[in-house]
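Shared between the two complexes below is chain A, which pairs with chain B and chain C, respectively.
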Partner chain A sequence: MVVAGQELRDLWLGGRALLLTLAFSLLLSVVSYLVATNQALNYLEQRESVSLTLKVAVAVGALLSLLAAADTISGERERGTLESLLVTPVSRQRLVAGKLAAVLSLWIGAFAITTPYVWYLGRGIGVVGESLAAGFVVGTLVAVFLASLGVLVSTFSGSNRISLSVSLLLLLALFAPTQFPTGAQQGWAANLLLRVNPITAGEHYIGKIVVDDHSWSHDTWWLVSPALGAAVFGVAAIAAARSISLRGGSTS
Partner chain B sequence: MSAVVEVHGVRKEYGSHVAVENLTFAVEAGEILGVLGPNGAGKTTAIRVLTTILSPTRGSFVVAGAPCTKPTEIRKAIGVLPESAGYPEQQTGEEFLRFHARLYGHRRASAAAVAKSLLAEVGLAERARSLVASYSRGMRQRLGLARALVNDPVVVFLDEPTLGLDPAGQRQVLALVRSLAQDRGATVLLSTHLLAEVEELCTRVLILNRGRVAADGTVSEVARTAAAPRSARVRVPPERVDDACAALASAAGVEIVELATGQPGGLVVRFSSADDRPGTSALVALADATIPVHAFELEGARLSDAFLAMTGGD
Partner chain C sequence: MTRLVLLVLVAATFWIVPAASAGEVVVDIDRTLVSPSLGQSFSFTTTVANHSARSTGPLVAHLNILSLNPGVYVDPEDWSSDRTRYLDPIPPGGSRAVRWRVKAVNGGSLAAYVTVVPRSGKGIPATGPALRFDVASRRTLNSGGILPIALGVPAGIALLVLGVRAQRRRRSRSFSLPV
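Coming up: the complex of A and B.
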């Protein structure tokens, strides 16, 4: 709690989180404007507008968590503050857990910003509540997954630059399937890839709930990957905390 | 007195490189141990092993009664100022100390009280609410010292606390180090390059060279062992110079007696290498001859000479 509290203060009062959420809100404004315009021209259904905005919010909100997570350990290492933390009686696992919790506040902030946009785009068709709930569940799972991934990379990176580069590279690899042409997204292999990748599976689930108006229990298989990703990488990030060293790389 | 730090045969390897080999020593309660050595001698590695940042490849140690198998217990009892420690620029000095006090289990109110008291102790009370970014290097080091004290430690490890400080800053930090032992009764392990300060401050010295203990003892013991003085400068009344020369020439262990140039009554005495207590017989000879001794200074008896002799001037 102490570590998480201090990290939250550093993140938000230090201005880094405010800057990231400001950029997020600007992006979401542009996306919402475009979506609303398309909706007005009947190119998009109202449900599709909500789904698209929510997917962007989940993807970018989770990205913010990844960006902050990539700085957690390698940042302390680079600033020379890691050793002072490691000589305290607080275990390395609790240190990482506190930092992870603070990083996830960025997703919470992003979700709070998203709420009025979803309400505006989905008002009148009874989709706002379930859209927000689905967005929150999927976004939280994806954010935990990506933040844990960022912390893991940061734990073993010698510098912040390496940590950030590797994290973004992994994120691009995860997003790549969403950019495949429609034809390439069909067939059992493509379907498996969509289901295995926590980001694509989560976004697919949002589409099922918001656009297809499916019930929560109808497509739960699509939630398995984000949930597993969050659990496995969350546990791995905490477990790898034992390997935190002053130089990065393996434990010395 | 009992040993607060006991180290037995500690070895630390980084791959094929052995940073510390067979490190064995003990430090009594309330002592200030100066850990000396050239760059790469293994000082920082030794401190990181003892502060549980690194685990030893071999050997064992006990710090403040806690064995190396219980690192959390050790961390509760020690304070550490790491080499080239960094500080969060966006926090104030008070916030920084409050946070670290809370990491040691202080509640919010007591953490604030500890922070306030320590800032006053290190002379930063007036800058308590300034951002660390605005602190000078000397102020940061004093803040680091305060951070090392938030848990009222039994043993304090200071790794190059005066590195990069101007003479005034060095003096301030060293005065604080002295007060740690005198006022708080803490045991201090001080790694530094400032040999003159070590002579003045430390009760004992440990010289490391290439990862091994080259010398361990009091400053005078180490200086004597490593660089046994081979000469002395003596000053007697000018009218007794001839008598003094005769007396010294007959003293055991004295090889040569010369007049010091440009110094009335000054003599330079060179001792034989076999003399393990140089100077004693010379002084006895002068006393027996009832010659007043105005000054007597052994040369080669300083810690710096010992340091250079033991480390090969690396």
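Coming up: the complex of A and C.
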């Protein structure tokens, strides 16, 4: 808790988190304005507009967590503050858990910013509550997964540049299937890939709830990989804390 | 011997006489007019009746939704997520009720109707009476409406950023002041 509190102060009062959320809100403003005013999109379906905005919010909100997470250990190492951090009377696992909790506050902030946009786009068709709830559940799982992945990469990276590059490369690889044309998403192999990838599975689940008006239990299988990804990578990030070294890379 | 002939005749009847075609199947609806508001869900029931003396084969009932006026895009998938039902054979004189749930996602004058087709894919489809529904149009998406949010939220956060920076500057100045 102490570590999380300190990290939260650094992140938010230091101004970094506020600048990231400002950029996030600008992006969401542009997306929601285009969605609301673009006749073609507006004409098609209001639910699609809510779903699109929510998916962008979840993806970029989770990206913010990853960016901050990629800096957690390698950043301290590069700034020369890791040594003093490691000699504090706090276990390394608690240190990483605290940093992870602070990083996840970026997603919570992003979600709070998303709420008025979703409310505006979804009002009148009765999807606001359901959309926000689905977005929060999926976004939290994806954010935990990506933040843990970022912390893991940061733990073993020699420099912040490497940590950020590897994290962004992994993120792009995970997001790539969302850009597949509909035809390429058919067949068992493509379906398996979409289900196994926590990001594509989570975004698919949001679409099912918001656009298709499915019940929460109807497509629960799509939530398995985001939940599993969050749990496995969360535990792995905290377990890997034992390997934190001053020079980067594994201590073993 | 007579019994055997009778048995052969009955078997031949079943062999030769086909199941009731969809033309002998009649589709009815429990109401023909409904006025939902935008976003509201409503249900209606169709009854698929077999008016022939023979049992029908397996049937497929399909719900379709269309706009009665040009210029209104309707994607039936958005209106109802469960639009195709597979029905078991209906005995002679029997009927089967099928309930449909629809959510009004667009404004305008629209109609829904159910068509029943034999699962064999052969025969004439039977279509029931249309259910007309008028959804009051309410344009909630417009540039004027979204602007206060699209400008206000970033502006609010920008003010917060400036406030935090000003406070940090004040703090660092008070630390550097000579005692």
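Please note the rule applied: the second predicted complex is superposed on the first by the 246 of 252 C-alpha atoms of A that agree within 3 Å, B and C clash if a C-alpha of one lies under 4 Å from a C-alpha of the other, contacts with A are read in each partner's own complex, and residues count from 1 in each chain.
In this section, a contact is a pair of C-beta atoms (placed from the backbone, for glycine too) under 8 Å apart; a residue touches a chain by one contact, two chains touch by 3 or more.
Keep in mind that this is a model prediction, so the values were computed, not measured.
Contact with chain C, but none with chain B, is seen for A:Leu19 once the two complexes are overlaid on the shared chain. Look at A:Thr81: by the touch rule set out above, it reaches chain B but stays clear of chain C. Touch criterion not met for A:Ala173: it reaches neither chain B nor chain C. In the superposed model, A:Val2 makes contact with chain B only, not with chain C.
Contact with chain C, but none with chain B, is seen for A:His214 once the two complexes are overlaid on the shared chain. By the touch criterion stated above, A:Val235 is placed in contact with neither chain B nor chain C.
Counting the residues of chain A that each partner touches, chain B and chain C differ, and the larger count belongs to C. Residues 13 of chain A lie at the contact with chain B in one complex and at the contact with chain C in the other. Those residues of chain B that touch chain A in the complex are listed here as 14, 48, 51-54, 72, 75-76, 78, 80, 82, 84-88, 90-91, 95, 99-100, 102-105, 144, 147. Here chain A touches chain B in the complex through residues 2-3, 6, 9-10, 13-14, 79-81, 83-91, 246, 252, going by the rule given at the top.
On the side of chain A, the complex with chain C involves touching residues 12-13, 15, 18-19, 21-22, 25-26, 28-30, 32-33, 35-37, 42-47, 49, 113, 116-117, 120-121, 123-127, 211-214.
The part of chain C that touches chain A in the complex is made up of residues 38-40, 73, 75, 77-78, 81, 103, 105-106, 138, 140-143, 145-147, 149-151, 153-154, 157-158, 160-161, 164-165, 168.
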